[in-house]
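Next up: some structures, all given as structure tokens.
Presented sequentially are two complexes of chain A, the first with chain B as partner and the second with chain C.
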Partner chain A sequence: MPPKKVTPAVSQSTSAISGALQDLVQSYKDNTPKRVKLIDAFLLFIVLSGVAQFAYCVLVTTFPFNAFLAGFGSTIGQFVLTAAFRAQVNPATRSQFTIISPERAFADFCFGSIVLHFFVYNFLG
Partner chain B sequence: MTVLKLPTFAPSTLTNAASLIRILALASIAGAAISSRLFAVINFESIIHEFDPWFNYRATRVLASQGFTEFWNWFDPTAWYPLGRVVGGTIYPGLMATSGVIYNILHALHLPVDIRNVCVLLAPGFSGLTAWATYMYALTKELKDESAGLLAAIFIGIAPGYISRSVAGSYDNEAIAIFLLMITFYIWIRALKDGSVLYGTLAAVFYFYMVAAWGGYAFITNMIPLHAFVLLLMGRYSDRLYSAYSAWYAVGTLASMQVPFVGFQPVQTSEHMAALGVFGLLQLVAFVQTIRSYLASKQFQVMLQWFLIAAGVIGGLAIVGLTITKTIAPWTGRFYSLWDTGYAKKYIPIIASVSEHQPTAWPAFFMDLHMLIFLFPAGVILCFKELREEHVFVIIYAVMASYFAGVMVRLMLTLTPVVCIAAAVALSSLLDIYLSVEEPAKPDSNGVGETAPPGADVPADATVSKKKKKEVAAAAAAAAAITPATTATKAKTKSSTQYGIFGIDTRLVVVLNAIFMLVMFVLHCTWVTSSAYSSPSVVLASRRPDGSQNIIDDFREAYYWLRQNTPQDAVVMSWWDYGYQIAGMADRPTLVDNNTWNNTHIATVGKAMSSSEEVSYPILRKHDVDYILIIFGGLIGYSGDDINKFLWMVRIAQGVWPDEIKEPNYFTARGEYKVDDQASETMKNSLMYKMSYYRFNDLFSGSPAFDRVRNQQLPKEGPKLDYIAAEEAFTSENWIVRIYEVKKEDPLGRDLKTANAFDGGKKRKPSKPTSRRKALVA
Partner chain C sequence: MQPSLFSWLGIALTMLVAPTWAKSSSGDKVLVVTDAKLEMTDYSQFWDGLRSRGYDLTFRKTSEDAPATSVFDVPSFSHIIVLAPSAKTYPKDLSPQSLVHLLSDSKQPTNILFVLQPSTPSSPLRDLGREFGISFPPPATPLIDYFNAVSPSNATSLLLSPPLSPHTAGFEGGKILYSGVSHLRSSNPLLVDFLNAPATSYAADPSEPADAIMEAAASGGEGLWAGGRMGLVTGFEVLLGGGRAMWVGSLELFKDAAASVDGEATANNAYALALAAWTFQETSVLRIDAVEHRRISETSPREQYRIKDDVIYRIHVSKFDATIGEWVPTSEIDDMQLEFTMLDPHIRTALKPSSAEGWYEAEFKAPDRHGVFKFIVDWRRKGYTPLHSSTTVSVVPFRHNEYPRFLSSAWPYYLGALSTSAAFVLFCSLWLLGGDEEAKKKKTQ
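Let's turn to the complex of A and B:
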């Protein structure tokens, strides 16, 4: 969801907002390690996939509801697992996780994804 | 400065000994937990208890003999005759699956254990695991320390509040659910502390197991979000919270929808919306935090905060809006009855009629928890002193569970674990302070410590002669307390010399008092377990005048009679309480059973029972009823019989047919519920009354019959039966179970009443012969 969220401004002048946005993008470009950017790209892809599924559900049909839930649950689950992984390896937030090393974080991420997709697969029907 | 000298050991010896003692203590706690649940087997026999367990047992037998797929697709045509029941889709299969797996493992090991014994002993076995899970939970190092963990384990192991639902033979969902509850909470706390996705996912897996096992999973579904939400409000958001909660919710929700009985509920009903809402909120907060980390501008941060609040409000409104437009199902009646205790009585009499859904009486708290109930608040207050994440959880849990336990007797079960944990924290804090040999250095202390009697050097010794398990726990507490508490006290002494415990006598008074309470607790638990919670209720026991035990086995006698003497497809009608038992023990189709899913069907049975024979008979015939089974306690004074439940039948029937069945008609003119001469005509004509007291007078050979449950004398003239067989089919030894056969239609097409009169020697309608006789006499 990254791009949308920033727009609903309260009563700022547009120039200030666009300036802040430019700052944001610049700061993101400067301060994010490459690997985290890769994770972010994956996150963006998941968001798009989720939006597409949701749009299909709302506009066309919910009919195999379990299949929709499985697919949508898969994107949501994968998104949060990846986001948690991102927080665990991102140097900016790493300090909060005293016990979890980056390697452990990756193993956790894999385990979570496998369990998640086991249920997704079972639920697709 | 110390009160008395302790022998000194190397630190490694101390830690080794402590861990050995811990393991031994846990093992003996599990042993105590299991063996105290075996009273039921020893006093009676290895038998399935009560009502619901009989169904679970029957389902497990299907699972064990026909495999999981068959069980999953099992359609039971004999329940809810003639509707049938899709069993696989209407149960929580976790319990049966668990015992099925255990059964198969044992058989793979060539241990030919009967499935019944697996079922009977499942609950005690899992109680041992619960004790371990509670230990782990209270331990989590964070909450307090190992000694508190051990105390919590022994408390939960023998607390009657939990035993009441997990004695041997009590083969019900709660048997494994409490273990799952504790383990899920433990893993959740663990996940939160570490911020670990692994533990978050594991919590979800155990949550899935819980969903598959017990309808009370909604408690977890709302406790964890509430905890996360409170942490958010306390300004304690961290990425650890995000990781743990998101992993738990995303995987857990998807997993919970795999259980057919739950289905799409997690995304469609109000009970589950709190979890979804907190999930969405956490995503927003996390997103804002991430953006904020890239920005330095103060102004923008303020703006983001406003955005966050606005988004939260909009999200909340969306959920409310969806609820109003019925896209999200509103709260179910069972949940309303938790908030408004009068709700069930008004709208859902079936729920209100179950005794375990009544509000808890005050003595029950003491009965079930004994001294823990007054240690409990102390423990909660101690949690406030530290107030880390896990303490917040215990506090929320304590508040919520206390409320629910006050509303419904059966929810005492969810309160018990947190009471045990909080009480253990309180007691172990007390013991830590009073078992420490450190004494604050005070200028005027005149060496009380040095002259301490040697017998008191390790207070735990005093317990040796008492209960063994207590002693182990206390010893471990003492061992564990010495090291950490010593340092703590040292640090304290430096800061303020004014506070502290002086002398050995103060210590002895407090410690001996605590030990005395612990011993009383053990005695109380044992007594309550053996006397109150170990009755199978299928087999009753009474005492003869000489004190020996008299077993009353009427239920099984009657069910066995049905099994042996009636055709396989004979339909038995009884009140729903006995449906599962009839299906399990007599193996006959029933109209209604304890799975009270169809209110109208139950009301039909209620109507048949509470109407007069003329009205009931067509209902009985339409439902192909061959036998009617009723429970009658009037002869030996068994108070849980059908006449005492009769008003509920009337009320439930009245809910569906308010014009035909009216509750006031069953009372006397003065509004009393009576069965004697003064009983109302409706009451006397009702099928239930007639069947209960049919030929009851004959037992008393002339003297007036006396009902020992209601302490009332019955009318001289007993009731007559026309539409069901004049001879009852079967009456058990103590008259507890009476079975009647329903007559078929008369082969000559007469009204059954006339046919009966004909057989009785009265050739025509009673009015005419009398007049003729009169004429003859004249």
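Let's turn to the complex of A and C:
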């Protein structure tokens, strides 16, 4: 699998920004494995959820502050765990984690997430 | 005309019946301390009035030592009448200190009626007056008033109209003959004004009545015991225990001879008995019978309440009815207040009479502050028995499981946490499924 180089031919002209973005997206579509895309979709959902909760907290109410901390903390914790998992299974960075097999990484990810959700639900109500 | 006839009949009946049935709330035994110079038969109407109310009179001269006012520090009498204005010395058990000690007993106080006369020398009574916040003009200076005098030649015998008051219940108006001394009241809040001197009166030597005014004029009004602020009859009520004392400035007030002036009847006997009735705790005597507190939603009291609880406090007050000699519930107090206090009153609210006779109640929300609180009722009104009640309760904060849960405003956070979990499960299943597919793909490739 080729290394993930997403900016091979970006021209330096100002009109090329949209072209560069298109290139970026296209390169991502072409070069990213399907499983990493799945991880990225999950990460995107978590980010949107966290942003929505933070906006609600800032704009509407912080009142059950423990609920905010639990909800917002679950998104952050899940994001961190998932990002670590992504680094371990992404073929582009896989070389740095040679002693951890992908299966082991997935098991670690699941265990960490379950512990995280255990704390989140304890803190939520 | 019919109703007025009935009302007159009613008044006559109560006047006939009331004295015979009257009783004191604190006891019937009266010690009358008299002077050797006084003839007790001169006061027979007053004694008869007291006896007909059920009092048991014991006479004792100041020169005698028995019967003692207290035996082994237990009071022997419920009431003492000190009718000895000219005695220079008193026995030990009637010394000012002993009398104050008897009066201020918090459990079984002895009520004392002091009677003075203008010639009262620098006697123990004068010193005792200072203990009560009452001071007297110089000796042998009776009250003089040319505007209210019986006759211009006898300006020390005055005809006065005491005000009608709930504390002198048996007295129904009329003139009284007063011949005696005035006194100056301090600002002591325990003093109760019964009768003030007329505004045109002053204290002076009756043989030289103008001298006092001349001297006062020369010194810019200083030293003249004059005017309507001077007292003639003053009550005193001990805060703790409710013992009562009365200072009456005129011996003449109690005399049989004062029953009529120039053939016209006076109200002296009725007024003297009314003063004695207040002093001997017949009238204006109140007590607290019961105190209740609870949550509004419950029926039994709690030792501790939670912050923001809705609490109801009830107190039952009785008044002594001397006509039947019993305590009857009263709802006539309209200015009683309840304080919910931790160092400072956090809540002060009105105790309103409830529909049940004698009960006063207040509902309030416990303050948002935890600690040891007291329900305090401290009702002090001149002439009435002071009412004091203090009940200690704790106010605790919410327990950890008493807070409201699953608030509607927290739903975004609940949804966020649930959706994260659901997305995690979905991701895991997709991951496992997708793993198989890729493995197959790899194998096929």
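As a convention for this text, the second predicted complex is superposed on the first by the 111 of 125 C-alpha atoms of A that agree within 3 Å, B and C clash if a C-alpha of one lies under 4 Å from a C-alpha of the other, contacts with A are read in each partner's own complex, and residues count from 1 in each chain.
The criterion applied here is as follows: a contact is a pair of C-beta atoms (placed from the backbone, for glycine too) under 8 Å apart; a residue touches a chain by one contact, two chains touch by 3 or more.
Everything numeric in this text was worked out from a predicted model, so none of it was measured.
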item: Superposed partners chain B and chain C on chain A - clash or fit; value: fit
item: Comparing the two partners chain B and chain C, which touches a greater set of residues in chain A; value: B
item: Partner chain in contact with A:Y121 - chain B first, chain C second, else both or neither; value: second
item: Chain B versus chain C as contact partner of A:F45, first or second or both or neither; value: second
item: Which of chain B and chain C A:A92 touches, first, second, both or neither; value: first
item: Touching partner for A:V60 - first (chain B), second (chain C), both, neither; value: second
item: Partner chain in contact with A:F68 - chain B first, chain C second, else both or neither; value: second
item: Smallest separation in angstrom, by C-alpha atoms, between chain B and chain C in the superposition; value: 8
item: Overlapping contact positions on chain A, where the chain C interface meets the chain B interface; value: 70, 74, 120
item: Complex contacts: residues of chain A adjacent to chain C; value: 33-35, 38-39, 42, 45-46, 49-50, 52-53, 56, 60-61, 63-64, 67-68, 70-72, 74-75, 78, 82, 106, 110, 113, 117, 120-121, 124-125
item: In the complex, chain C residues that touch chain A; value: 405-407, 409-410, 412-417, 419-421, 423-424, 427-428, 430-431, 434-435, 438
item: List of chain A residues in touch with chain B within their complex; value: 1-2, 5-6, 8-10, 12, 20, 23-24, 27-28, 31, 65-66, 69-70, 73-74, 76-77, 80-81, 83-85, 87-88, 92-93, 96-97, 99-100, 105, 107-109, 111-112, 115-116, 119-120, 122-123
item: Chain A-touching residues of chain B, taken from the complex the two chains share; value: 194-198, 200-201, 204-205, 208, 238-240, 242-243, 246-247, 249-251, 253-255, 257-258, 264, 267, 283, 286-287, 291, 293-295, 297, 300, 303, 306-307, 310
